[in-house]
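Structures incoming, each one as structure tokens.
In the two complexes that follow, subunit A is the common piece, with subunit B as its partner first and subunit C second.
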Partner chain A sequence: MAIATAVRLNEAPKKRRRYRGFASSVWWFVLPALALYVFAVVYPSIRGSLFAFTDWDGVSPNPSWVGLDQFARILTDPNAVVAVRNTLLIAFAVTIIQNAIGLLIALAVNSQIKSRNVLRVIIFAPVVITSIAVGFLWQNLYSPGGGINQLLEAIGLGALQQNWLGDPDLAIWSIIFVVFWQFVGYSMVIFLAGLQGIPEEVLEAAAIDGAGPVRRFWSVVRPLLAPAITINVMLSLIGGLKLFDQVFVMTAGGPGGATNTISTLIYSNAFSLGRFGYASALAVVLSIFVAVASIIQYRLLALQER
Partner chain B sequence: MRKYTWRTGILEVGTILVAVLFLIPIYILVNLSFKAPGDQSSTFAFPEQPTFQNYIDAWGQGGLGNALINSAIVTGGIVLFTVIFAAAAAYPLSRLGARWSKFTYLVFLAGLLLPAQLALLPLYQTIRDLGLLGTLAGVIIVGVGASMPFSIFLYAGFMRALPAEYEEAAALDGAHAFRTFWSVVFPLVRPITGTIIILTAVANWNDFLTPLLYLSGSDQKTITVAIYGFVGQYGAQWNLIFAGIIISILPILIAYFFLQKYIVQGFAGGLKG
Partner chain C sequence: MSRITKRATAAIAVAAVAGLALAGCSTDTSSEGADGEVVLTMSGWADDGIAEALIAQFEEDNPGVTIDYTGLPWPNILTQINTELVSGTASDIVVVFPGNGNPITAQTLAKGNYLADLSDSPWVSNYNEANQAVMGADGTILMGANAFTIIPAIYNTQALEAVGATPPTTWSEVLDLCKTATDNGKVAYALAAVAGGNYHTVPYALTATLLYGPDPDFVPDQYAGDATFSDSDWNAALDQYTELIDAGCFTADATGTALDIAQGQVAKGDALGMITVSPQISTIQDMAPDGATFETAAFPSTDDPADTFLPVGLGAGYGVNAKSENLDLAKKFVDFYLSEAGLRIAVDNGSIYPSGPVDGYTPPETLAGVSDQVQSDKTVSFPDQTWPNAVVNDAYTTGLQTFIGGSTTAATLLQQMDAAWNG
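Let's turn to the complex of A and B:
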């Protein structure tokens, strides 16, 4: 989540008093959390990284060390190349579309319109719905005789009917649209929280100085919204990189592997094909993407707040 | 400047149109769930003879009642232990300036960078070897462990902003560390506890991959796994499937509409840190 903000906001205060109250009981506070965290995250992540350098099939007792072979295999596996491309495409496209439209909606429901509270509730509702329910619903809507095509027919745009999930070139964009539909409310809420932190007086002062709406947005609102923008970009980027449920349910990576993401490929390689070593190498690649995205975001945030 | 003008009116109409477009999928979901199997009318047309039969059948054939209970146990268990363990750990980590506590805090934060996919396979193995596959306990243990980094980060940030005077007073009165934590600190961090409860509950109620791995094939299923299996079994019977999907999302949607103010604040606030 909002990792970089995390680190900054939690920087220890300069002056820190000595604490003696804990004495020797202090470990009992930390131990349960640490034990569960090491068990469920640290230890398996380290082992997962090590599997990436083996040819382990998930069953054999003695996997052999193959060095970087699994990573080399990713580069020559057409399925993996498509999955990496799709993963990056989803992450960037969702980030841009979801944040641009999320911001517009946030500006609209932050205005004086009377239905703003109802509209906020409606736009945010899909966020709380299970991703697999969303996936199944849209699988039906996208089907050749489904809701989307019926709607196009009804409004006289029958010529635009498509096989939304069956067309290899189109399917990935159909998935991107679903992720946008599901999570644009999330971006809206975070932008809204940021917008509500902007004092009315500042905007009025700018208006009195003769700034029009566009100028007011660009020169006053945008800089004050910077933290919300950073957090939103971060969340949608990392969420997009890890996307699994919706793809798994709607297309299972098909047609012909055209909509695989790194996550769906990890799943099929590990649990259908028994290639644990290869799946682990893909997981390491995904982790590197997530880490790079986080570090870049941290740098940008640090720059902004200077 | 903040007056309702004709421009605001246009904006209002435009935004309502966008919201209607947003609602169309939900409308279709509800509409189809009330149609009888033989009803061949358009997806948008009202059912010829609205029926509750799909709900009765989905409930009976999908084992959804049991799955809802399992989801409630898993979500409740994860939320309970996450709150207690994360608050307890964040307390000394946010109060002590020692090198080990700073290091431990960073170890927890590192977990925010690790995607679950990296730990997936070895963890699956460990859970299997411990005989926890197919048990709700396995899912709860994994869920609590995975919730630690974000929850501890939120708690620690909040606790650092708390003045230490209350605790010092309690310590002077002779309260030991556990007593001070439980009676003084924990009640003071209530706002962030609310945020963590909401974020953890929504994330784990909706989680699919973890329970799919650890529970599929067993008779202990959470609602997401049950719906997944249900769709697999009744492939083309969309009316039935949609009724099942509505049953599965109804508890959280009802909770959302009652708590939406707090949920939205929780999401926004939690993310602002």
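Let's turn to the complex of A and C:
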């Protein structure tokens, strides 16, 4: 016994040394990936951000340092004001609508209805289509003689026909609907995974205690879905803030700049107008928006998860 | 594994990754193939049959030379070629636009000296002074293009016949055609006013006759500060645009209509015609049913046909990367591209109006209606090719959308263009 104890005592330091050696080798394995990440992501991001402090036009070899002028210009550029407003509108509208409807659909297809698997596939299908293709599809459907107006005419609602992408007041909402249509299935799948992780017996116990469907949802399902809500809200908010493809394809920011987002404004300033410095300043602002929004909502939702 | 061995392994791993990464970012600057043949690189349009035919002939004429062609779609061609030129990784021969309206125009790229000087090339004398002005900067020629782009009114011949009309030659006839079309359940002119549409070409057609044709000094006066858009006949052109809109001449809800929808309206005969750039004729033909034919005419804006000018601009062409290792060979290709032999290949493989002389050339039937006007040089350049920066064009195209939608006045639009001109 004493010998065995002595052996165990002797083994303990050996195990610790082996662990330290293992940890050390893990870092060596991480280093190449880290070096690649710094080379491919960190360095270009910092280098790109520095252009925000210059007047670089994208071609001249020697841009001048202009300090914070490009950031000050954002505040006085009417196009930037519209783009920031649209970006925030899209981000919040998409986040709220997509998650609310996505949750309702997840609750519906999580039931025992016979066609639930078919419904899940149909609702998720738009997620796997590229955003460019979705943009072209809906641009066609939204055109004045397109599918939506034809459908309205066919069902006797011709008075509701609209110039969906040509009306400056309506175009931004037409785009929001497309983003919702494309990604509601994504939210649904995450909520569905969360719902399927809730033990049936917990819900049964709540029912036996007299909780109705609304009470069960609010007091049992909602708290247990908190991680799924956190992920969904964060992804849809970030996606909304960065939105580019659908806007670029359907309206290119028009009519008259009415649907510009920060992303489309970055593109047009950099690649059409030769204002790379200004575009970089807009990109820095967008990055700050995404970071701040993500941190705030993550902390709020983390509190809820507790 | 000993500590030294681990360190050595890690160092090799880091070096290997860094090496791979750097290799991925570098360009193969070798231009000589394994068997000694020279490889020229070229970036052009995707699915460009004319470029393919030119390359085949050039390779045949120059044994040992191979052209490695990269076809790029719109709008990627703008960003990719610009980025490659700036980073020093561009092809030997690249697509370049005339003027100053996008990231790969001659005047934009001149700021970084990214293009070789082609001023001594034999084809330069084929172009008039106005064209040469947009082919480079500060008196140098940096690109050449093999075709002119025209802005005519393109008509569906069968649709015109069905309503008993002919292409109008006066402003009054235009308004009559609009009424005739409406009475027959059609529109006279298809219009797409979403980005990338043809809405901006209508004022180009109108100002050709109202301003740029009769007053060739207008642009120099603008540069001298003696003229502005606001105090010019751009006002008259925009008034006529409003008159056309109010007369129902255009596609309803044009601000929500995409270009392919408008082209389809002409192709199917739902619209009698369309005021747009000539390269779109082939697209419209492709969309049309068998047997449909199309014709072109200059779009009038006065009641005297003799007043009418036609907007004719140089199309996109090619320039030579100043950092090319095969500068002389690349220039030789551009010389071939713009030689009579090269132009002949172009007209044989595409429906274009060549920018230089081609012996025995007859324009395609679709362009016959404007051929006399081009040959008599009763033409003006596209206005945007003469503007000092791309911001004027952005103010114009963005503001024009809201003008068509009715939320911006002509005065506001022209003030915005003046402000953009003045930077």
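Some observations on this one:
What we mean here is this: the second predicted complex is superposed on the first by the 269 of 306 C-alpha atoms of A that agree within 3 Å, B and C clash if a C-alpha of one lies under 4 Å from a C-alpha of the other, contacts with A are read in each partner's own complex, and residues count from 1 in each chain.
Note that in this section contacts are C-beta pairs under 8 Å (C-beta built on N, C-alpha and C of every residue); 3 or more make two chains touch, one makes a residue touch a chain.
Nothing here was measured: the structure is a model prediction, and the numbers come from that model.
After alignment on the shared subunit A, the placement of subunit B and subunit C results in a clash. When the two complexes are overlaid on their common chain A, residue A:253 makes contact with subunit C while staying clear of subunit B. Set side by side, subunit B and subunit C differ in how many residues of subunit A they touch, and the one touching more is B.
Contact with subunit B, but none with subunit C, is seen for A:186 once the two complexes are overlaid on the shared chain.
Contact with neither subunit B nor subunit C is seen for A:67 once the two complexes are overlaid on the shared chain.
Of the two partner chains placed around the shared chain by superposition, subunit B is the only one that A:242 touches, whereas subunit C remains out of contact.
By the touch criterion stated above, A:120 is placed in contact with subunit B alone, subunit C being left untouched. In the superposition on chain A, contact of A:39 is made with both subunit B and subunit C.
Of the two partner chains placed by the overlay, neither subunit B nor subunit C lies in contact with A:156. In the superposed pair of complexes, A:210 makes contact with neither subunit B nor subunit C. By the document's definition of touching, of the two partners only subunit B reaches A:141; subunit C does not. Residues 25, 28, 32, 36, 39-40, 58, 140, 146, 271 of subunit A touch subunit B in one complex and subunit C in the other.
Within the complex formed with subunit C, the subunit A residues making contact are 24-25, 28, 31-32, 35-36, 39-40, 57-61, 139-140, 142-146, 163-168, 251-257, 268, 271-274.
Here subunit C touches subunit A in the complex through residues 1, 6, 9-10, 13-14, 16-18, 21, 75, 78-79, 82, 85-86, 102-103, 108-109, 111-114, 193-196, 251-258, 261, 389-391, 394, 398-399, 401-402, 405, 407-408, going by the rule given at the top.
Against subunit B, in their complex, subunit A makes its touches with residues 1-3, 5-7, 9-10, 12-13, 16-19, 21-23, 25-26, 28-30, 32-34, 36-45, 47-49, 51, 58, 105, 108-109, 111-115, 118-133, 136-138, 140-141, 146-147, 150-151, 154, 181, 186, 189-190, 192-193, 200, 203-204, 207, 227, 231, 235, 241-242, 244-245, 248-249, 262-263, 266-267, 270-271, 276, 279-280, 283-284, 286-287, 290-291, 294. In the complex of the two chains, the subunit B residues touching subunit A come out as 1-4, 8, 11-12, 14-16, 18-19, 22-26, 28-29, 32, 42-44, 81, 85-86, 88-89, 91-93, 95-97, 102, 104-105, 107-109, 111-123, 125-126, 141-142, 144-146, 148-150, 152-153, 156-157, 160, 164, 167-168, 171, 176-178, 180-181, 202, 205-206, 208-209, 213, 223-224, 227-228, 231, 238, 241-242, 245, 248-249, 252-253, 256-257, 260, 263-264, 267-269, 271-273.
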